[in-house]
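Below: one structure, written as structure tokens.
To keep things simple, chains are lettered A, B, C and D as they appear, and every chain counts its residues starting from 1.
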Amino acid sequence: MKYKSQKVAKLYFIAAIGLFVGQILFGLIIGAQYIWGDFLFPEIPFNVARMVHTNLLIVWLLFGFMGAAYYLVPEEAETDLVMPWLANLMFWIFLTAGAATILGYLLVPYAQLAELTKNELLPTMGREFLEQPTITKIGIVIVALSFLANIGLTILKGRKTVINLVLLMGMTGLAVFFLFAFYNPVNVVLDKYYWWWVVHLWVEGVWELILGSILAFILIKTTGVDREVIEKWLYVIIAMVLITGIIGTGHHYYWIGTPAFWQWWGSIFSAMEPIPFFMMTVFAFNMVNKRRRNHPNKAAVLWALGTAVMAFLGAGVWGFLHTLSPVNYYTHGTQITAAHGHMAFYGAYVMIVLAMISYAMPMLRGREAANSTKSQVLEMWGFWLMTISIVFITLFLTGAGILQVYLQRFADNPMPFMVVQEKIQLFYALREIAGFIFLSGLLIYIVSFFVGSKEPEATIEGEVVPT
Amino acid sequence: MTTKKMFLRPCTWVYLFLLSLTFVTWFIGVNNLSGRAFAFTVLGFALIKGQLIGDYFMGLKQVAGPWRWVIFVWLLLIGSLITAAFWKTL
Amino acid sequence: MAQAFTKAMARNIFYGGTAFFFLLFLALTFQTHSALPELDNRNALTGPQGEMIAKGKQVWEENDCIGCHTLLGEGAYFAPELGNVYKRFGSTDAIKGFIASRPKDGVPGRRSMPQFNLSEEELTAIAEFLKYVSEIKTARNWPPNTQG
Amino acid sequence: MTGMEKNRWPPGDLVIWIFIMAELLVFGVFFTAYAFTRAHNVELFDTYQLTLDRNAALINTLALITSSYFVVRAVADIRADDSRGCFRWLLAALGMGLLFLVVKGLEYKHHFSLGIDLSTNTFYMFYLSLTFFHFLHVVLGMVILLAVALKARKGGYSAAEHTGVETGASYWHMVDLVWMILFPLVYVMR
């Protein structure tokens, strides 16, 4: 850790991991409700638990992104944060607002929450992933603006690296596109059209800039490869991301009442979306192979490579599976979508945040560069358990989805939704088991922070063999 | 100056050849000539034009190795796919 | 001769490509807006009927229906598609009857929709809203069949 | 880079070639989609193809080929260290590009005056999508050529270092190349 103000990242990372645990617990609850329909009914209905599951995911990833930014921006800019106090203040505001919102979901019926928060003044609630009360949304905008001011001014003051600029663009885009969350017309087609400007242009657009810049930062730090090379590829990859991803939004405009030309535009451009992910995988492995030194933090390198692979599989391959409009005609809004969502979010965004935490946390806790070998071994156990479980969760949901598509949409005598759900129970049960293994991986991951803290740091063994 | 001429002269010939192929294509077009013979002549012309642009204008003729073939492979691919799609309808 | 592969060029392509494709996206959005009046059933949204549908959308949102159901394929996958529920049930009365009759404590061992205690006006509003959605002209008449 | 010896890499910055490949991929998919969709709607496509103006397409093809040739001359000039010549040929190429835009613009004006848009029918969806996507590439290519031309006028390139000229030229030839396929495919083949 070179700059004192980087320290604020630690709070953000701790909160991120804490909320991550919450997300997984609620994931297990809704997973159980898929098997036992009356589980926790009517105390915690499915929609409430799901809302907690998805909202916690978004909030903890945002905590992770902000933490990552507070750690890497000063180091890249070679100057302290301009307003570390603001970063601290915003942390507590965001955490309080987030916790209050989640408690609101859990403690009062959603309709009552809408009434309490005066949703009728500016109705924005009740849309998928944007369930937060309007007042929370305004809070998010304020937090985002303060955050942008903080890192933006720091970047302006210091060295302007490509990584910092790309990160700043990503974060700015995140804030700008979130504003479409406030547009909620009665016209359902328009509502959905611009809803995707938040959701798609986030996860298949500006978030990928954030992902790319964090990945590039970790690769520079852990491989010692020339910054020039890494930054050049970063530009190429994010250019491909946006070239394919912006028009790729069209793969959400097939069946919501939008005109038919989107079938073609959406199919063609979104079919190209795996290309940048593939480039990212090749890039990450290339850089690690060309490394100038071995970094003692093996766990961080593992997370970084894992991100590249799993993002390609989850976002690239599983996305491509159902992105072409003739396929999507059958798969739209089924468990296939859920399968893709789980692996893509884990592979791209969960893993990059954990990679950054893995890289930065030892320094934030006063280490030179890495945790002890013992701690790292445990962390890598967590990596494998979580990653393998998410692969199985994805496979089981894909199985469920294929069967659902066949029985409900493709067969000669389509069956009703609820009948089909009973027939695919087995997959849901298997998914829940994989979910518990995921939780065990997560717990081992957390334990790794408390194990071997007294032991000496891992050291580099052997010299780099140039390839 | 000789190297410049060596580069330009073939390009000029290619340019004139491209113009003449274009006129033939246009002639087939304005007279609404249809059927396999005309359609695939026109497609063949287009592929030849593409290859000439790649080889001479883009300078791929002077390249050895995989990049030499990017345009060729692309033309081959879309040429076959378009042929496959048009074949039965003509 | 060493091949040029410069960061400056990569940067230019990033900025140029992004601007290019974003403008193209805006152009397609403009096209979409001019095509929507034929498709999105906006005529239903005028007059007192329109107010009822607006109220219905509010009921839909303030009870987080999307947290279990899909609407034109978007939402959660825990409960049936509702973009075509009007066609599946055949009438707004059937929809109202279904929502009003959900048991307060659920059905043992099975998924059940919560009892939302909606007023008669709210029930009418949400049923009208669902009717309006079912009359949006989706491409290829999605969903593929009445089961959704 | 004046001799006739073989190179390992194509002219210009390698990044542009990565994007040329990406662009060709997109256009290739679009062309294939056109061809196979036509195979399912032969009558519709053949009927509406007749409403297109082949004379305008001829002028546009000639304009792009000529423009490409002018760019070749610009590259030849800069390789001979002639910045002024390079600048002039690039201006001429830009003029041809402008001619393309005007002619294509008049075609669009005609279609729009008849109320034709992407939702009219499948043929027009493809015709407008393909040509408009290409149209925007012409605009983008012209912006690139203009930037290169202005730098050339200021003497920013030389026989020793003119990667920028070759980069812009490669992109422009790609725009030309795509039209070589688009013209027969959409306007002529039936």
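The rule is short, and it goes like this: a contact is a pair of C-beta atoms (placed from the backbone, for glycine too) under 8 Å apart; a residue touches a chain by one contact, two chains touch by 3 or more.
Worth saying up front: this structure is predicted, and the values here are computed from it rather than measured.
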Completion exercise
A count of C-beta pairs in contact puts on top the pair A-C
Practice task
Round to the nearest whole Å and give the separation of the Cα centres of chain A and chain D.
Solution key: 39
Practice task
Mind checking the centre-to-centre distance between chain B and chain C? Centres are C-alpha means, answer in whole Å.
Solution key: 48
Problem - Whole-Å gap between the CA centroids of chain B and chain D - result: 14
Completion exercise
chain C residues touching 2+ other chains are 5-6, 10, 13, 17, 20, 24, 31, 35
Fill in the blank from the handout: Each of the following residues of chain A touches two or more other chains, namely 232, 236, 239, 243, 259-261, 265
Exercise for the section: Find every residue in chain D that makes contact with two or more other chains and list them. Expected result: 7-9, 15, 19, 118-119
Handout entry: Graph class of chain-chain contacts, one of line, ring, star, complete, other
Key = other
Fill in the blank from the handout: Every touching pair of chains is listed here as A-C, A-D, B-D, C-D
Problem - For the chain A and chain C complex, residues of the former touching the latter - result: 30, 33-34, 36-38, 41-42, 45-48, 50-51, 110-111, 114-115, 119-120, 123, 125-128, 131, 162, 184, 186-190, 192-193, 228, 231-233, 235-236, 238-239, 242-243, 246-247, 249-250, 253-263, 265, 329-330, 332-335, 337-338, 408-410, 414-418, 421
Practice task
Report the residues of chain D in contact with chain B in the complex, numbered from low to high.
Solution key: 2-11, 17, 20-21, 24, 28, 31-32, 35-36, 38-39, 42, 46, 50, 54-55, 57-58, 61-62, 65-66, 68-69, 71-73, 76-77, 79-80, 166, 169-170, 173-174, 176-177, 180-181, 183-185, 187-190
Handout entry: Residues of chain D that touch chain C when the two form their complex
Key = 1, 7-9, 12-16, 19, 117-119, 132-133, 136, 140, 143-144, 163, 167
Completion exercise
The answer for chain A against chain D in the complex is residues 232, 236, 239-240, 243, 259-261, 264-265, 268-269, 271-272, 275
Handout entry: chain D partner contacts - residues on chain C that touch it in the complex
Key = 1, 3-6, 9-10, 13, 16-17, 20, 23-24, 27, 31, 34-35, 38
